[in-house]
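Heads up, the next two complexes both have chain A, just with different partners, chain B and then chain C.
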Partner chain A sequence: MSKKFKVSICSGTTCYVLGGAQMMILEDCLPADIKDEVEVVGSSCLQKCHEPNAKPPFVLINDYLMESASMTKVIDYIREHR
Partner chain B sequence: MNYINNAAIIKRQVMVRLAKLILDDTIQDNIDLIPVLMTPKNSESVRCCIHHDRAVVRSRVKVLLGFAAASESQSDEVKLLKDYAADAVQKGEDKFDESILTVIDDACSACIRSKYQVTNACRGCVARPCIMNCPKKAIRFEGGHAIIDENLCVSCGICEKVCPYHAIVYQPIPCEEACPVNAISKDEFGKEKIDPQKCVYCGKCMLACPFGAIMERSEMFDVLRDIKDPGKTTVAMVAPSIAGQFNTDFGKVVSALKKMGFDKVVEVAYGADITAQKETEEFVERLEHKESFMTSSCCPAYVQVVKKHIPSIQSYVSTTLSPMIYTGEWVSNQWPGATRVFIGPCVAKRFEARESTYVDNVMTYEELGSIFIAAGVDVVECDEQEPDKSASSVGRGFAVSGGVANAVIASAASCGVKAVSKPVNGINNKTVSLLRVLDKTIKEPAFVEVMTCEGGCLNGPGVTSSPVIAKKFLEKMLK
Partner chain C sequence: MEFTPKTSDCAIEVDYCQRYCEKKRIGGDVFLSKKIKEQSRVLAVLSDGLGSGVKAGVLATLTSVMGLNYMGSFRDPAKAAKSIMETLPVCSKRNISYSTFSMVDIDFDNEVRIVEYDNPPVLITRNGSVMDTQKQEADVLRADKEPVQINVSGFDAKIGDRIIMFSDGVSQSGIGSKELPFGWGIERVGKFILDKIASKPEISAHDLSRAIVEKSWLNNSHKALDDITCGVIYFRNPRRLLIMTGPPYDRQKDKMLASLVEEFPGKKIICGGTTANIISRETGRKVHVRLDKLTADLPPESIMDGADLVTEGILTIGRAAKYLEDKTELDFFTDDPGAKIVKLMLDSDVINFVVGTRINEFHQDPNMPVDLEIRRNVIKKISKQLEEQYYKETTIQYI
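Right after this comes the complex of A and B.
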């Protein structure tokens, strides 16, 4: 059965260096209440950093594109939308 | 641990913008716009107002060009960044005096001097154990609660322990707390100053400051200028802690470096192989001469700790050169006249490189990553390539604590010399005191590996990856 949330973390160099690196351990840091509903996948560059005024790091949660993403922002979003 | 935080991200954003201008050759036209572009009109300010934010960004650019943050004269205060950029071209290496870490006064929030504070949880109780037990009579009662006189307080912490309401809190000055050798302290205005006579360039204050007020004087301007010069051969000498810094295998970093403009890429682990061999020979010889122990010498911040603070153990420090120097020597013979750039996670390497004739410049992974972004090079998308000089897993193991000791003790054992490992994993106030008495406490033949950063270079001040991730990639490289 597929999980309710698919979180794709952009690991392109721009996102990675500007704050994304810390999110690579997101899977290990998911709180127990949402852990079973979330699938974390690494993604090659989502191509969003090329746009003017882009705010990396980017994370794609299902269809929602989060800019200036952080671990806590992702967890909060999932809790709000479950 | 080197957690990512907003101060670090802002620093990297400024790096990316500056690197882009250098690469595009538009520095003279656009460099003074960086503070405005970083904090545009009507944007949310981090400090009191956007003008303060812009002033700090201006100082950051100045430091990234290689200058100290402090203004030397009034005319420096109004000097345009493009004039600093012009000076940076002309002055070259002369712009570096002995300071490597520099405090941006505008960014330093001048944290309160008194480390113990009475919060409004104070109930003004009758018992008043804080006042009764303060050995310096530094606490008085005013307006219904206790007040600590910062001029009398000696930060013993007794009041915090005895308060029944936990109303007294310890509020550290992060940079001073992080410095293992008391090299950073306040001036008469409450701003922090680094004493160059005491500083060991470990970079711990820089990581600790929540305002990002401490920066290392960058050499990225000089490196990018040489990379762009078609008449120059530039060699990237990459430390073994590169493993996983961009969430990829090393082979991709090799081709990313070449795409960015480096002509050659060499593993510093090659020099580490030489260090391991020579250091073992030295160790065996010392033990044969009845010396009780020897310490490693490849961590440049530790070398400075001994030189400036614990001269009594100087004779026990290995005289074998560091992997960076052996690699630089090999590169100098292989490609005479080339610009030799060490790329690693380390602030103290900048000092070591300046003292050596085998290395020209030092860059951190953080700076490298910012330059990749500016140049539009995505490491993940690159193909795998072999470096121009590779190394064994012994040398690559130098990136984590234990790597040097394992190498030396194992090969000493194969020469029939038995010794134990007494590692010092991380320099802090406690381990500095331990090192002070090392010559009196070690009783059996021992090799003492000292790493200033806890966990080793993978946890250095200039890394981009969490050490957890980096370690996974390094283990793969060691197979």
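Right after this comes the complex of A and C.
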């Protein structure tokens, strides 16, 4: 059974140094109420930092690309859209 | 003068492992090796100074440095041994020389010459057994004009041969214990080495020397009662490693990048998210990031079919460069992606770098919290280290 949200965390250099490093453990930090609906995967690079005015770190939640992502922003987004 | 590089048909791996006598900060055993690139020669000396500690350390260092330099300038190691014997001081109490040595000289044809003085015999293994090289005894005069014996031997090395040199800290380990009242002994050391090789025929000089030293240490119930040193020289088929990092400057070359990885005969490392993406796209193989295997300060590694290791780019390479520069001893437990790269590099003989030169502009933003170096400069530094410190053959190809 596939889960409702698929979260891809960019682990490329730029995202990693700009805060992505703290998000690598997202899966272990998910609150109990949304834990079962979220699948967390890594991406070697989402290729978004090449675009002008990019705001890393990036996280891809299903089709939605989140800029300047953080753990709380991701969790809030999922709670809003579930 | 030009010589064909040895690595084209046979690679020589030299490594050693050492544990100093308990509570001593300076050891009385010295192992030195040197590659004379212009002559395609490899030299190695193991010297054991009388006793342990500072005095022994000075004498062993003196002997081994002399050994290397004399061997390098004379063609005949026996001549070098003669000069050293004439110089070495003699202990007035015990009437023995202050240090012993074994010297090995390997020329461009893999012809080996060995000179030994008073050290445990150098063991040579071929096809799973210890080879007898018919040592010839020669008399030389000591500094006090007393004649002493040195052993001279030689053989033509073939792929798969190993030369193992060790100090008496190995052969006498465990002496006085219940299990080994007379010490480990040359024969048992030989059997241990053959067993190790039988269970792992491709065991590297690095691993074998460590196994021997650890076992000696174990024989003494986890103590080094004397300095324990073991050097191993291994003649092997060159192991090749490809390190691909960075996207090509010209996007038309993405296909070429993928086919380079496909066709390479050896191990492959891909460093860089974009690079991994390009190869994944061209070959249709998925990249899977190991979020279950995190290191504190490096982006996680990934898995992809057809590559032995996939990592992030510049941060990981930078870490690898630092490990090489600091000569960090990487044990089993250090396995962050940077350490893994170094381990693979040290386990190879020929390392080909393919460096993409397209620059990620974001990396050059001065607001980045860490300084990111330019990829090709780091690779240049690594390649230099590998050539000079670890005797590897490297090539760098920019695309």
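Methods note: the second predicted complex is superposed on the first by the 82 of 82 C-alpha atoms of A that agree within 3 Å, B and C clash if a C-alpha of one lies under 4 Å from a C-alpha of the other, contacts with A are read in each partner's own complex, and residues count from 1 in each chain.
Just so it is clear, a contact is a pair of C-beta atoms (placed from the backbone, for glycine too) under 8 Å apart; a residue touches a chain by one contact, two chains touch by 3 or more.
This is a predicted model, so every value here is computed, not measured.
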item	value
First, second, both or neither for A:T14, with chain B first and chain C second	both
Partner chain in contact with A:A54 - chain B first, chain C second, else both or neither	second
Of chain B and chain C, the chain that contacts the larger number of chain A residues	C
First, second, both or neither for A:C45, with chain B first and chain C second	both
Touching partner for A:N62 - first (chain B), second (chain C), both, neither	neither
Touched partner set for A:Q22, first chain B, second chain C, both or neither	first
Contact residues common to both interfaces of chain A (with chain B and with chain C)	11-14, 16-18, 21, 24-25, 42, 44-45, 49
Touching residues (chain side chain A, partner chain B) in the complex	11-14, 16-19, 21-22, 24-25, 42, 44-45, 49
Sites on chain B touched by chain A in the complex	3-4, 9, 12-13, 16, 246-247, 256, 366, 369-370, 372-373, 377-381, 464-466, 468-469
List of chain A residues in touch with chain C within their complex	9-14, 16-18, 20-21, 24-25, 27, 40-45, 47, 49-50, 54, 56
Interface residues, chain C side, partner chain A - complex	272-274, 276-277, 280, 287-291, 294, 297, 299-300, 302, 310, 312-315, 360-363, 368-370, 372
